[in-house]
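Following: one structure in structure tokens, then a few remarks.
Just so it is clear, A, B and C label the chains in written order, and each chain counts residues from 1 on its own.
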């Protein structure tokens, strides 16, 4: 594979952009700046290589469509942040880990294998033709009791992106 | 009609405010700054004239209630951004058009005529008294697969306002 | 009770943080800076005393779980802002009151008493085991007609936290 060199200032710029965006959106980078920056560099390499910032810790399938769930931030970041305090790569960390500067450890891969992903997609497409049932939605809906923000995801977010309320201010809404 | 003069610094202030808000919210102004600023000026004129920033490219009906759907940003901006890359006035542009500095072109009017709007409103009021049916909501609900944000609108947003994920990371949820 | 001293710079820092967050999220502090700062100081005292920023105008029950609905911002802020233009403490004010620098007045307590809160919680837990009914959700769902943001709360927000649209641009969605 051709060697790709990313200038330090481009890596720093992505690191700064993600840090700032995170502050606004309730996300935090790895407290170890070296780890976070080397992952930013890897994202920029992947962007040059594949055209999109695919997760540095997974193998690109070569097409945007097939990589969609692992374009950073990946579909698995938020559940991993909540369960392990860190995403699969370790680029993102929970507020607790970020604040306490806890060293991060590897976590298990949550992404289903290719066959399961294809089956899930097929199942999703079939369900689109079925009537929806409020008691059988694909994800539970969580409600922030402070501001009424609702999000459909396996668990409530760590921090409400609208009002900043903590995880324990959410209730299951649907 | 009385001539209204808007000082340049007021126009610039609105332009800067909308630019900054857009950065936070995933919206972009026309890449042609002259066009964007002249529309900002027109919005400020309308505010002095009618008391609210009614769309410069539509006729005010004179009351806030009758103008509500075309107070900027109008109810038609987001679907137009997605379909044409630009809103009816050309004040807002898609990220692609903004980034590539594509010259913008006029687009068709999406706003229903007065009679249809009145009928729609009447239909909406009647439906409020009917039981809701999850398979017959007024808008589909789109879900960001990265952060779980859900929005009820004809199409998913160009950029997730919560986590910044792209349009193709959304799925139909309801 | 032990006397707790909060250094002025810590109070100022919280005041500035809440002001900035509010700007991004569509919330405003009391236009009387003295009132707002003394409430910030009281929040910091409560944080030292109880471990969380419990509302300065209510009595802490001593545990985070029992105080959850009155950790600032409390569950009652948003409905009070909409009805009275101010929260129970007067830390938060509506945009109108903030902009016009209206002096704020005491408002009635909206928080149910302890017994009712326990009954509500019990009812909520029981409902979690029942099938959901779209016509009987715990809160109505409001939809911003500009951007499609949906929130589940007694009334629509004063300002859409996603696109900045005003209260009257929301419609009842569910």
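Here are a few things to note about the model shown:
The working rule: a contact is a pair of C-beta atoms (placed from the backbone, for glycine too) under 8 Å apart; a residue touches a chain by one contact, two chains touch by 3 or more.
This is a predicted model, so every value here is computed, not measured.
Under half of the residue numbers at the subunit A-subunit C interface are used by both copies of the sequence. Overlaying subunit A on subunit B by C-alpha atoms takes a rotation of 120 degrees, rounded in steps of 5. For this pair, subunit A with subunit C, the centres built from the Cα atoms lie 28 Å apart. Shared contact sites, meaning residues of subunit A that touch two or more other chains, fall at 24, 134, 150. In the complex of the two chains, the subunit C residues touching subunit B come out as 24, 134-135, 143, 145-150, 162-166, 168-169, 171-174.
Listing the residues of subunit A that touch subunit B in their complex gives 21, 24-25, 27, 64, 68-69, 71, 73-75, 77-78, 124, 128, 131-134, 137-139, 141-142, 150-153, 157, 161.
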